[in-house]
């Protein structure tokens, strides 16, 4: 197990005070903080090896290209795919749009079902909605139970139609924390239709639980650097090369072509055919460094640390009068994003007053409005934990909620 | 006028040696170097204010959002548009793809001409090619004269059809250096068809010559941060808000929506409806700092400095036996990207040997294969200059070419 | 800026003891629904007009203390006013929230305490919600409409 | 690694005095065109086969010194070989260029000097171009074809 105090020293922002209080950062599910190692990796490229990648014969270009491809290989290993199966995007959302345009819009049509769930982030809903009318497929959603699990009966009923051609599901809900049984769901979908593919939203799971695409029984995986200690501006679509290669390009431009004539173009193979223009190469290299950092900690340890925090947080929150926690109550079934509601307190008021106590939480719909509707809430407050959070910070969270309650008490 | 020696001190990479020689970086048209001020701005966000933007009520989120929006405003001013007319993308290529999908694919159809030129970068060709078959419009190209100018007669003839609905033209060629008379071309296209819009590739011009969208008589402008002292991973689509607002969203996801239901979604107004998912916010802030840096130097001075370099470089290169320079010979008509061919020497050999002399130039097709075909070359060597280059470096370029010639002489 | 600038006693009082808060209004002439999806604030506003004057007004909704308290204050200070006068007051409130000074200080009544909210940019929209709804309701009615729904960004 | 690793005297010699370079080959059985669009290298290769043996070979093209010299060396060492043997040699060359040791050192002749090019990753493709074209030509012929065109990434 790693030592949290030592880990914290790597994160300069944790030395900050807000409103005269030490920062208690509980918003990592939105964006994680950045260790010095990642900051340094980005600075190093800019200060020593800055160059466009894949285009030059000069020394800087070779160095930058080598670092960029090494990052691709490291990230690929981290999620169990070949380097040729890692496409760099700017974020998870772009990765989903790529799949929507280059796969769903081309390969699904009338009669086909694209099955998502009611607990998806907008990034795993809106891209499908945007292409569905043109493609003619039907977009269905697996409902969520009161405890925050996917409704397996409803899922089975939809799958039994044999019409599900694409399952788009999150491995971990950013609101409820639920860890979905992706491999099982994938198996069921494939059993009913062998042409079906499975696209996993790993934006929340990849940073927090060890990930292997084959173990998930999935075809494609989308995630973002900024939620896993990496820089902003970088995301990944990871998958099997064969599948990626079978998809037409999405964005066109420099770098992704073999040849361009006035009449038409020929494209490189995957992953390059999906990387149009100068890629976010500094950011990719930064993400490579973030992955190395997480590997040094060990993803099993990361998960164990978060379970420890959850075991303190869940009962403590439930112990506060008026607080109800959303999502699974069993820490083993959930990740460390914890949404809750406080009777009589609007999440925005809660967020503002807690901020004054130094506690940064998120208040709002968390880009998951359909789930909010299912929960019957217009917004919730969410505390989310990561490698640098401590048990003391869990206590600070609870104290801040109570302080807010006192503040608004009539 | 600024002092180049002082400017150079801001760029840590310029202290580097390659192969035991001081680096002479002449590849800024591919990617410019990064001043310490920009590196620091990025580090500062990561180390002090890191947070997802537009989503939180806590202090870090407010600070990051404020910095992000301040960068948008600064960049908008830099090219003469309102802040609401600046959409952040990951690079120029994404910006063109956005226009291709949200404008060309929807608003152009059979009978319409999308007019590009033979000197365009692949980023201003391939996106149109990808949507043309679906949309049914015709893609035409203005040829290039032997001196490297657009062929005005051919242009006029195509425009005279009245069918040009979109002109996509670069303000500066990345190969020939040619500065195109965009405002004039735009005027002609509009005169022939009042519904036509003008999309300008500013990837090379915005970094090097003062830019004002209205003065260009253009509607939309695409450019990249990494060519103008900014970080990688950030690009801009700038334009009139009304036009942007009339375009449907391209990428879907978090942040760009007003509401998402299982049945469909409603979107925010421009520019936000085009920014799906967590944007490259650190990179946008870095670009804001780069713009501030360029404004301190003054774009008139930047241009004057480059003309000075060109006035030394063009005759010096022409003076070397066997060297022919592509593009306009008049420095007033061109920017500081200079492509040349050396008799009997392949650009790759030239690039490799020059690199050993410490001189970083680009060898290849510069993502402009149609232009290469027009030039009858499969590749050229390109030296490109920026604010930190000196007259001595121009001499080093010439020396390195001569050294290569000696090396390969039979 | 301190938390007390945001949550002045008067604001908390209106939040705890809302005035004119109701999901119904007898004989209302116009009903608007405004929402601020980012915050999750939702507001229903019903207005009854007689002789160019706001004769009755009721709001209801689900929102943070700022948005609900601001609607409560708004209801108190506009009931009984002429339409044009209420519109002018709404504009004065909007300018104040954008840091452009406090016009019509007396008429805004408890409303002036929201000046402190202007220092919290993410909460300005909350304070404006009720007033924007009022403007929209009066406008909708003047154009002959009876109901309108608006989503703010 | 120094420039001399890349541009060995032998390489420069083949570049300056190419062997078997021609755009024609009498009675050729197969013609392939390979290009490396990133570098701008273009290569035409013609092969004449008799009794399972490379009876004649000519290449022509437009490319850097490495690609042209490598094609020249290749032409020298494969003419007269059995098809299977030439294919095996091409594989030995490929492995050498990927840093996996030099097999068939003797048979590769001048080809071994390209080992130094392996230290310049961006130039490896150049050295391989002629050999890839050869493999493709032999393969195309064995499948009954007469011409083939390939673009490398």
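First chain written, first letter: the chains are A, B, C and D, and each begins at residue 1.
Rule of thumb we're sticking to: contacts are C-beta pairs under 8 Å (C-beta built on N, C-alpha and C of every residue); 3 or more make two chains touch, one makes a residue touch a chain.
Computed from a prediction, not measured in an experiment: that's the story for all the values here.
More inter-chain C-beta contacts link the pair B-D than the other of B-C and B-D. Our note on geometry: subunit B versus subunit C, Cα centroid distance of 47 Å, whole angstroms. If you average the Cα atoms of subunit C and of subunit D, the two centres end up 80 Å apart. One inter-chain figure worth recording: subunit A and subunit C are separated by 38 Å, centre to centre, where each centre is the mean of the chain's CA atoms. Each of residues 57, 257, 259, 348, 352, 364, 369 in subunit B touches at least two other chains. Each of the following residues of subunit C touches two or more other chains: 37, 123.
Pairwise, the chains that make contact are A-B, A-C, A-D, B-C, B-D. Contacts from subunit D toward subunit A in the complex involve residues 37-38, 121-123, 151, 153.
Of all the residues in subunit B, the ones that touch subunit A in their complex are 12-13, 16, 18-19, 23, 25, 27, 30-31, 33-34, 36, 38-39, 42-43, 46-52, 55-61, 90-94, 96-97, 100, 118, 121-123, 125-127, 129-130, 139, 141, 224, 226, 231-235, 249-257, 259-262, 264-265, 276-283, 348, 351-352, 354-355, 359-364, 367, 369-370, 373. Taken in their complex, subunit A has these residues touching subunit C: 346-349, 352-353, 356, 364-365, 369, 372, 377-379, 407-408, 410.
Taken together, the subunit D residues at the contact with subunit B in this complex read 3, 6-7, 12, 15-16, 37-42, 62-66, 120, 123, 126.
Here subunit A touches subunit D in the complex through residues 55-57, 62, 66, 257-259, 266, 268-269, 272, going by the rule given at the top.
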